[in-house]
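Two complexes follow with chain A in common, the first pairing it with chain B and the second with chain C.
== the complex of A and B ==
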């Protein structure tokens, strides 16, 4: 059973990565990072539910999952604010409009 | 510490100990004037006063020491030499060091004494005494120091006063760097006084290096002129070769004597070194070489460099690039005498090594002949004098090599007066001729420079060794000693004396006689130098005439005296007995030799008069001697030989090392820095600022890492 959960998490993460790399819209890219988060959360919860052989059962993964949800909420608020600011600069949401992180 | 209770004639030892510091103070004040940009043209005053103060002190010291020596019972033999000989005959180790110490300490005729100023360098604690071993700044006062200080400070004073007039242009305005010049002069007198007064070898070395430094600074005074800068460098480097040996000599002294000294004694203090010098003579260092020979030869290296002796003499003629007072002060009267002084000071060591004495004698004879012949064919007045200086210094070395250091010091003393006079006279000529010093370009100057003419005549007569003038008495003693020791050396010395008289007067006649002829640089109305320059000439002329009478006496039967009046060895020699030199063994003496050497001098002058009396414009010698003249004129190509044999290989070596550093070592460093740089340059095209490309790179990189980890972990798992 555990493999199925892990595969779900991995798939969510991989979809998030692919989306982040391929989509151009900033909001969609932002949503993709959220998807990666979800993949990780699923993985963490899986390891809590099915501890590996020899390891004691703890609630660490669950705690992390809750923690991540809280962080993701805060980050979503901040991220959307940034997106709005960026939109005001270039009146577009195309990620290729911003190329400031480079060696001149 | 050796001052016996009853003989405290030296009222103010500590006052005498301040002697070297007055010129230093003057130099510092002059230096402050430069720093504060006070250019009033009176920057000479602090230095003149400082040098004058030390001259006054040294005159007082000279007479004070004389009274002291006169008051004490004349010792039969110098205590230090006696102790050295006792140790030698006693087989070194057989003599208990304590007994030696007693032998010196209880003899109240210990002549020199040490005045300690302060502890200087700690040599570490000694276990047995549990107290620090200190190298002190201490001064050693004895006859030798008294005499050296006397003429060093007096001649310096005269020269410094002369420089006030010399370092100005025709309108009396000071040359650029006037204050700097006087500051250096003050520093020089301080250095020389320190060298002479030092009571241990380390302080001696300090003074030794300081005069070397001052010499460098003063030769290179016109440092904007490339030849002056090169000459300064040459002087410094050639001296350094000698100083290397000198330093090794001091090290070896410490090494050899460390085991012999008593607790509390410093193995580099003069008193201690000379007390145990006997051990050096009796201990073999290596196959047939005693420790004394090793130390002597190493110390001699230093003396050869500083006193410009063969084969390290090459720096001195070039040193004429400095202003003339510098030539007079450093390269004639005082600094170059340091080598002779040092060897005379170390007489107990040198006397113990027959081999070292023979080396000194041989080098002295070679040097005297070689440079006298070079002087025969020069045209630059200052160069002629420079070569004659080397030749005269070689005479002193012959004296040292013949084991008569008192005669050598006597010649140092008389030579200082007339050679300073000759240089200052040449400076006066140069001053009037607008800087021209080539004797071919002027003649008949006696009409316009009467004062210079007369004083120069006195100086030349003294240098030529004409009887009754200063040079005669001292030179004759050395020739005499050379005859006693080695007939060949004596004959060569006599020939050199004849050559000296000849070339001195060749220069003199070319310059002052014949019809008046002036170079264009002299201007319309060349004139005699001001009084501030001629007065020093006359003072030195008095010295050139009378300085020799300190070293003759009027004792003995008239038939055994020179001209029925004079017999050699007077007050000067008595005075020197009260020093580390002790009693030198002079031969019984042959009166005929004095007449012969006087005759040789007069003959040389006569020949010069016949050939050059009318100052011919075409040099008759050049025609007569032909290739020999060229050989002499080009100085035997020694400079060129050194250039090919030493300078060029060294410079080549330097180039190789430079290339190794510049391309080898630096190349590796450049490579180490260059590879990451190049990699970064290649990769910077990837960094285009597109966020998603970065993300792709990150994802792919992560994938690669994971696959790699998987691939590596498989065999294990």
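== the complex of A and C ==
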């Protein structure tokens, strides 16, 4: 059973990576980072549910996943505020239009 | 690495390349057919490896729904639909967490993601999206190399999953199941052993909130130079 969950978590992470690389819309790119978080959460909970041989059965993985959710919430708030600010500069959500770090 | 896994990886990479928005015509359907064939391969592999009974059926069903939603998030040309398919992904992941008896985490996931984060996303999309589809949503950036790189990473990870000897023996070696993540168990752990960490997370969330307000309130002068955008939008 463990392999099925781990495979799903890895697939979600890989799909998030692909979306982050290929999409050009800033909002969709942020959604893809959240998708990578989902893959990590599935993996952490799987290792909590099926502890590896020789390890004590604890709930540490789920607690860690909860902290991950909190960090994701903070990241989404800050990231979307930055997206709104960038949109007000150029009136576009294209990631390619932000090639220069300096203020023109 | 089993042949079915290799087939899944190859079909998935090819299908995702064709299904990504890339300005090509008539290739999306072929891409989805390839992705469906890859999904059938991975289901066959799991059914062949694992004799899990009802839990296997539930997890495969929820996993397929989650994978379909994830594919739609990264292939859909309209960001609003991407955000809504992300809600479907959250629901599928929540079902998997309930299957693994992580009840507290499942509730927190639905409340935080589907309740709070997605509402923020939809607000920003409504604020920033033009009515007509933009060129940066229609054309993906390097779909071939993106799909290749991502599935190479997946091949690396999933190949390690299946090299631990005979699969049946690996399943038999599994120890007893871990504890159930009820609200009582996880909450007690959070407020005793992890009390410092949870206070720190509270400080982090406060700092993020203040920072978001400070960033969003900044006054900007609208950019007059449109030539750069026109050059990039090719």
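Basically, the second predicted complex is superposed on the first by the 100 of 104 C-alpha atoms of A that agree within 3 Å, B and C clash if a C-alpha of one lies under 4 Å from a C-alpha of the other, contacts with A are read in each partner's own complex, and residues count from 1 in each chain.
In this section, contacts are C-beta pairs under 8 Å (C-beta built on N, C-alpha and C of every residue); 3 or more make two chains touch, one makes a residue touch a chain.
Fair warning: this is a prediction, and the values are worked out from it, not measured in the lab.
*Asks:* In the overlaid three-chain picture, which partner chain does A:84 touch, first (chain B) or second (chain C), both, or neither?
*Replies:* second
*Asks:* Can A:17 be said to touch chain B (first), chain C (second), both, or neither?
*Replies:* In the superposed model, A:17 contacts both chain B and chain C.
*Asks:* For A:36 in the superposed arrangement: first (chain B), second (chain C), both or neither?
*Replies:* neither
*Asks:* Any idea whether chain B or chain C touches more of chain A?
*Replies:* C
*Asks:* Check chain A for residues that touch chain B in one structure and chain C in the other, and list them.
*Replies:* 17, 21-22, 95-96, 99
*Asks:* Under the touch definition given earlier, write down the residues of chain C that touch chain A in their complex.
*Replies:* Touch residues, chain C against chain A: 16, 20, 42, 46, 49-50, 52, 55-56, 59-60, 63, 66-67, 70-71, 73-74, 79, 82-83, 86, 89-90, 93, 96-97, 100-102, 104-105, 108-109, 112-113, 116-117, 120-121, 124-125, 127-129, 134-137, 139-143, 145-147, 149-151, 153-154, 157-158, 161-162, 167, 170-171, 173-179, 181, 185-186, 189-190, 194, 197, 201, 204-205, 207-209, 211-213, 215-216, 218, 220, 222-223, 225, 228-229, 232-233.
*Asks:* Give the list of chain B residues in touch with chain A in this complex.
*Replies:* Residues in contact with chain A: 684, 687-692, 694-696, 699.
*Asks:* Enumerate the contact residues on chain A facing chain B in the complex.
*Replies:* Within the complex, chain A contacts chain B at residues 17, 20-22, 29, 95-96, 98-103.
*Asks:* Which residues, counting only chain A, touch chain C once they are in their complex?
*Replies:* Interface residues on the chain A side: 1-8, 10-19, 21-25, 27-28, 30-32, 34-35, 38, 41-42, 45-46, 48-53, 57-60, 62-63, 65-67, 69-78, 80-85, 87-97, 99, 104.
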